[in-house]
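Below: a set of structures, written as structure tokens.
One chain, subunit A, links the two complexes that follow: it is found with subunit B in the first and with subunit C in the second.
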Partner chain A sequence: MSASVAPRAGYAWIKRFGLPAMLGAVLFVLVVLPTAFMFIGALMSAGMADPAAHFTLAKLQTVYTTLPYLRALGYTLAMAGGVAALACFVGIALAWLVARTDVPRKRLLEMCMIAPLFLSPFVGGLAWLILGSPKAGLLNVLARDLFATKGAAINVVSTTGIVCVMALYFVPYAYLTISSSLRNMDPALEEASYLNGAGVFATALRVTLPVLRPSLISAFFFIFVLAAGTFSIPAVLGGASRVPFLAVIVFETTAAYPIDYGKSAAVGTVLFWISVMGVAFYRYASRAANRFVTVTARGFSMRLVKLRGWRWPAVGAIGVYVLLAIVLPYLALIYTALTRYMTSSFSKASYSLDNVRWAADSPEVIESIWNTLLVGVVSPTLCLALAVVLAYAIRRMKIRFGRTLDYLTMFPIAIPGIVLGTGIFWTYVTTPVYGTIWILVLAFVASYLPFAYRIGDTALMQIEKSLEEASALCGASHRGTLWRITVPLIRPALLSGWVMVFIFSVREISAAILLASPSNEVLSTISWNYLDYGDQQKAAVLGLVQTLILISGVLAGQFVFRVRLTQAV
Partner chain B sequence: MTKLTGWNSTLARRSVLGGLAGIGAGLVHVGTGQAQTGAPSAGITEGLIKAAKAEGALTYYHTSDLGLTAKWTAAFTKKFGIPVKNIRGPSYPLYDRWMNEERVGKHIADIVQISDPTLFPVAQKEGFIATYIPAGTTAIPDSLKVEGVWYAMNIDFMGIVYNTQETTADEVKQLTSGGWNAMTDPRWHGRYATTTPAAGGSTYTYWYMFMEEYKAQYGEAFVRKLAEHKPTIYSSKVLAFDRLVAGEFAISDMATESTMTELYTKGAPVRFFFPDPCPASPLVQIVSAHAPKPNGARLFQEWTLSEDGQLEWLKYTSVLPSRNDVTDPRKAARKDWFGEPWYADPTSLYLKYLKDPAFADPAKPLIPIWNKIFGYRSE
Partner chain C sequence: MAQLKVENLVVRYGDVVAVDGVSFGVGEGEFVSLLGPSGCGKTTTLRCIAGLESASGGRIEIDGQVVADGPREVPPNLRGVNMVFQSYAVWPHMTVFDNVAYGLRTQRVSRAEIQTRVAEALRLVGLTGFAERFGTELSGGQQQRVAVARAVVTAPRLLLFDEPLSNLDAGLRERMRFELVELQRRLGRTSIYVTHDQSEAMVMSDRIILMHKGRIVQEGTPQDLYERPSCRFAAEFVGSANLLSGVLESVSADGFGMVALQGGLRLRARLPGHAPAAGLAVLVCIRPESVQLAGQASGENVFPAHVSRVSYLGGVLNCAVRAGSLDFRAEFPAHSRMQAGTDVDLRIAPDNVIIVPDSD
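What follows is the complex of A and B.
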């Protein structure tokens, strides 16, 4: 009797105290401490290590009440709102074309639609700086040469330009959210509209759009939060045009004299509150979306809108997006990488393979490639492992404090990378982790845990509980059931999540830029260093190397692990 | 006419050393670190090399150009068999990061190189700078060192650069004959790019010269005229040069000779010149008191300040070496830009600020004033 009771008592203890305590401790270290340090930092007069530092409300008072920061707040809200609106507008149009019409080559188009996700926004920003600078941008020079235009045809270093470039890289998020809702929507609603004599556009406007409204709102706020916390594109494009953007100020106050860590943290707290509000709206809209979007058990065949003569123009419209988001930026990067100095005249450019040779021979670059691969493999693996344990413990084992743990796990979604980077810097600067590659792994695991957790949790919800119960009835422990039954069943979703976190980790710059050290330089940080030092050629080469790594990861996911990335986000 | 030949030049001695004469003896070291006394080291000895090799790779925090520093430190590695890990950053954040690391006991950097030595007194006070007098110290003028604390490796001049494809002959004539004031001409409205004084030691020096040192001659009036051009303002001057070369702008200032000559060598459409007075910016270097590789750090400092180390640097870039017995071989041979009819050395260097207590004020009060004038990050 004692032999059977002891394990039960042990299990009960683990479920009651052990597992919640362990998971709580992990989340405390990953999420709570860096956030706390950010808030403490905002209350300090100087860096926490400075012997003259003392507690003060001055930084918070300056940031929350003075005009320059309120102006930056206004700009950030307006720009993030603009990015989200534009990305959703394009996303819904593209999703409708692919999901609801007979546009040809759908699988290829769908891959094209999400392809910008596999590119670093920082690299995209750099490419658009080369393409769209008002006077010497390649596109402007081309427009002047071909059409004798006067002035700048496009200007990416303006507020509007920055919003448009950012929107390009957020369209996939809108596309994936909306296309998923479109696919799950019962076509009977649209059929009824057609039967009542409404045309294609009237149906789209009066039936499809209202049904999609909640998921559209959820996509809007999701992109809004991500855009508000994005540092790389506004920093690359807006640095010289004085566009005040909070995420850039967080970085600049730690990078330009007089360096002010307190102010940086205080600005970080503003971004934090923006994100918290954005996430609250997002979650509310997501719940509403689940309530409104009609998912029925019965099978249905989707009636596709026949575009007839508009089929190829529709492909052309999608092609324009692909051209702007992928083709042109990469042509610009390749051109830049092959020149000795930047010039907007193709014929007068001084071409050379020196930059490519430099990248191949440079120990710094080779080491950063290894570091990038290391964080690219370790971060998603740890992230997914932790996410599965959390999701299983909270949803299946129903451990104590499950709701708190669930909330803490999703919490980093409200912390922009640059803010989390500040918190992690101060949390770990005195530990052996600082200066090593592992601090980046920690930052990336914390940043992307919500994505991994959401994927794991959704996959778990779709697994019939009876399968696990059968395993338990056969005497398997929770651990055995998780490993032998649950994980194999949710493997496709986990692999998709792994590839997504791999992509995010390889291209991440916001947190990494504050945590870079001699021993942990990754491609994104040394690329930033070269750009900051005015060497666009080397930054472009490094951006291309980073893209090759991302594409290799995506192809491996697609063809080796049979991952459907369109289902992962 | 090329007049500057290392520190043997009469003009150089007058412009640099003479420039310090006005500062009282009691002020000489205020704000730049407390000089240490003692005999110079024995230099690069077999014992030092052996001990340094046993320690392994060095970590070098530097603000100089990434690419050329990598080539230069590779020469050190080749000579002594000790790898060097180069970490580059703008002076102020790099210094701040090093200070943070030292304060929390994370000793990573062995050698620190920045462009503003007035930051060092705080580090010296907190015990983060090793007292070390290298053997090469006797060849370095007093103005370019605080004995036992920091030593300048070289000096870079800052002038005006123009894109030859974006300027007419008439404009070039106006620009090159009018000194600094030529930049205030309305023709440069919207065609001029500049860099914030908050970017680093050299950019702060540049603006400080106009706004403080030569207040009577230039002052805020001059700066306001430049601001009226509505320039594009960069956070790093090399970014401005990059866009100038691409054709985005016609002129820019703070054109450092090292970057300009690199662009010239690549064939970029740039010309540069150095009006009077010419702000000069040194690269100064210290040995970290808690260097994880103390012998390697000392060996590196010795090599940096040796004739060999300075000549090696000149293979990759053009600067004025801090040693008075080293001259750029290209200059002697009148090669490259030294042989161009438009090139002229600066005639009067502004280096007084290196030991100016007002310049050393850590609050850098000039930055908010400048920000206000240019409407840049106004607070």
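What follows is the complex of A and C.
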């Protein structure tokens, strides 16, 4: 017996370095290569396929020192800051109402408030273009019909408009961060303030808000990074008004004349530095937030502020948010999908099912639906599988170079989708993978690995280590323990992670738009193409189809797999 | 005049009744404990008094002012009460000084007076010199002191304590008990103290209100509770007790009677105020420390017994004793050098054979 378990020299070496080397290689391909190639691309005079391409500092110099690009940098920082501030402000108000007052129908309200997370910001941007563009925007048409106003009542095709529409879709992130801090906060902190004579308003201002400050700051930077890297809404709304936004410039320099791939990569590096700095601030703030949070000894239900006469105005305020973020946009999309062309008045609208019929018949659309579903199923599956192996190897097996692997895995959180897209474009443009659907899978797995990894890691930390140790003592190998003990125990977390990456992958546009070609279209990219041609009706139909896929995914998660979606994001 | 009057307080959460018709009063300057196991409704009662929880029914009066009567409620910030929380609730973003000054600032006390009153409160709890520290930089015991200073500095009409010592380690807990009592006596503030620790309640209180399943079980001085438990629960919860069933054989005019315990032992016992009639089954409570070594083989309430097991607890020996077929526990001083297997003669003074009236 003892002879068979004696260590063999070669096997021991593989055991020590085999797994770290394998995981390292995977992360090298997913994370290191694209980042490196983006920087290489920024130094190239022309695309990889061009034989005359050579190294040059010209692109970086232009992007980092000349006025149009510095102006875009300023706009991007200011707009992302505005979005984050606005989203945090609305988020904290909504979170306070739900967590601390007796506003009715809380579960329903909360579901409505986080619903925009499961919808596509691109489709939302498209809907707001339909609703609020200065001439043909439905709200402006309605205002002219009802009140005979002249000119535009609202205009979303402006810097302010873009900031407001983006903020609508980032409010749920702020809401979730802040409401979880509110729940973890010791209610006695506020009760002590009441008993010391302070009223509701004074307590909120002098105790609740200061205690929440670190988590507010971390929510701010989280949203700031996401907003700075967002392509969809600024591209949809900013195209006409020429609002300079870095993420849009990254795409435009590869799509419109004069095409300059090097410049696109160079702009990508600027965006990359913004993200890296934002993430650093975010990490610093969330560490402070964890130190600040005081969990109670006993879970006593918080004394709820009685709103009395303010109950319905409070519901109304939440209702306005839901109206702006969900109801109006989808009404507009449905209306547009059912009309033949944009009209100057609702009374003259010509309803037809042509667009729906077109979508059902067009081979291009059908192929893109299949592609979307394929990407939507394959990416989360690969992503979660890799995340679980990484988390288990790093946290439980304590493999060598664990810290480095952990760092590499979390690194893509600082790479906006459009930047990662640029890097992957430069890495693979000369290989046969380019132009296939698999390059999208590659991009999405890399992009969402940090989220999946974080979920897997948290779940691992929550299960008692002795459960796994007992399995080892019963004779199971690491692989056997992972498969038979660990995975079944963290299944709920894995399912929520799966649904989350599914949502991200289906609605993703920023990485996809750079890697799209006629042979690997997904719903978001062809919808963008039709919008770009000015065909809002077809874009709307495609947006609705995409939304249907998202909703079915979310509902399946909720009711078939019993996923708790507030934990997923 | 009663400083606090609670009348028929009821708190319901859906179908669960947390507090079920509780009424009591607390006099000026009195220190009263609400004692009971977790889930007995004591903390809920306290939170209703503070205004942190809404009662489903009943009336609460503080200093003659009605603060809760059915749906009409005075919010907690206007009740003029203050509380020391179990989790201390020291605000992490403020210094010790700001924590203590908070209540005075909401009362718009002048700056100079705040300085002197906060300094005085900090001196009282032994935290002079800590004013500029932040709450998170303090140990649990120090945070507890900040919480106490913050509660007394506003000169509240009622001082409420919600299990304030339960998060401290054992040694510090003992010391804080005496410090808190000392402080309360010095300030003379009417205090209501919630705890599940019977020895804490015994040491600190003028009066204890024992609660169980949302109702008041017994109310009285610590001595009353210990010597005259009103029911099985009271006898078991306060101190340790041998609870034996028996029959009251006869009742004599001098307030004593004879009980025949199951197992054959017959003991003379002092009867409670309204004694059950002779011939009825009763519950008899004998504290382990009331069992004495008799030193002689005959006399009132003297009986032979066999010591079957001895546990050494330091100051005392806790012994399993068998008399006839009756098993119970007895405590002897350590210097008695009791050994397992010894046959002894025991005595229990008739005053210490306690008949528990209703055996719920």
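Here is the rule we go by: the second predicted complex is superposed on the first by the 542 of 569 C-alpha atoms of A that agree within 3 Å, B and C clash if a C-alpha of one lies under 4 Å from a C-alpha of the other, contacts with A are read in each partner's own complex, and residues count from 1 in each chain.
What we mean here is this: a contact is a pair of C-beta atoms (placed from the backbone, for glycine too) under 8 Å apart; a residue touches a chain by one contact, two chains touch by 3 or more.
All figures in this text were calculated on a predicted structure; none of them were measured in a lab.
Undergrad: Using the overlay on subunit A, decide if subunit B and subunit C clash or can fit next to each other.
TA: Taken together on subunit A, subunit C would fit alongside subunit B, as the superposition shows.
Undergrad: Examine A:R303 and indicate which partner it touches, taking first as subunit B and second as subunit C; both and neither are also allowed.
TA: A:R303 contacts subunit C only, not subunit B.
Undergrad: Which partner does A:E364 contact after superposing on A: first (subunit B), second (subunit C), both, neither?
TA: first
Undergrad: Considering only touches as defined above, state whether A:E191 meets subunit B (first), subunit C (second), both or neither.
TA: A:E191 sits against subunit C, while subunit B stays out of touch.
Undergrad: Touch check for A:K538: first (subunit B), second (subunit C), both, or neither?
TA: In the superposed model, A:K538 contacts subunit B only, not subunit C.
Undergrad: Now for A:P210: first (subunit B), second (subunit C), both, or neither, which partner does it touch?
TA: The second partner, subunit C, only.
Undergrad: Should A:F55 be classified as contacting the first partner (subunit B), the second (subunit C), both, or neither?
TA: In the superposition, A:F55 touches no partner, neither subunit B nor subunit C.
Undergrad: Figure out whether A:G199 sits in contact with subunit B (first) or subunit C (second), or with both, or with neither.
TA: second
Undergrad: Among the partners subunit B and subunit C, which is in contact with a greater number of residues of subunit A?
TA: Of subunit B and subunit C, B contacts more residues of subunit A.
Undergrad: Closest Cα approach between subunit B and subunit C after superposing, in Å?
TA: 48 Å.
Undergrad: What part of subunit A is shared between its subunit B contacts and its subunit C contacts?
TA: Shared contact residues on subunit A: none.
Undergrad: Show which residues of subunit A lie in contact with subunit B when the two form their complex.
TA: 47, 49-51, 62, 66, 68, 133-136, 141, 239-242, 244, 252, 254-259, 340-345, 350, 358, 362, 364, 429-430, 434-435, 517-518, 529-536, 538
Undergrad: So in the complex, the part of subunit C that touches subunit A is made up of which residues?
TA: My answer: residues 43, 47, 50-53, 75-79, 81-83, 85-89, 91-94, 102-103, 106-107, 136, 147, 150-151, 154, 156, 166-167.
Undergrad: Any idea which subunit A residues touch subunit C in the complex?
TA: Touch residues, subunit A against subunit C: 186, 188-189, 191-199, 202, 206-207, 210-211, 213, 291-292, 294, 296-298, 300, 303.
Undergrad: Help me check something: in the complex, which residues belonging to subunit B touch subunit A?
TA: Spelled out, the residues of subunit B in touch with subunit A are 59, 65-67, 70, 85-90, 92-93, 96, 99-101, 103-106, 108, 126, 193, 196-200, 204, 232-243, 245-249, 259, 263, 266-269, 362-364, 367, 375-379.
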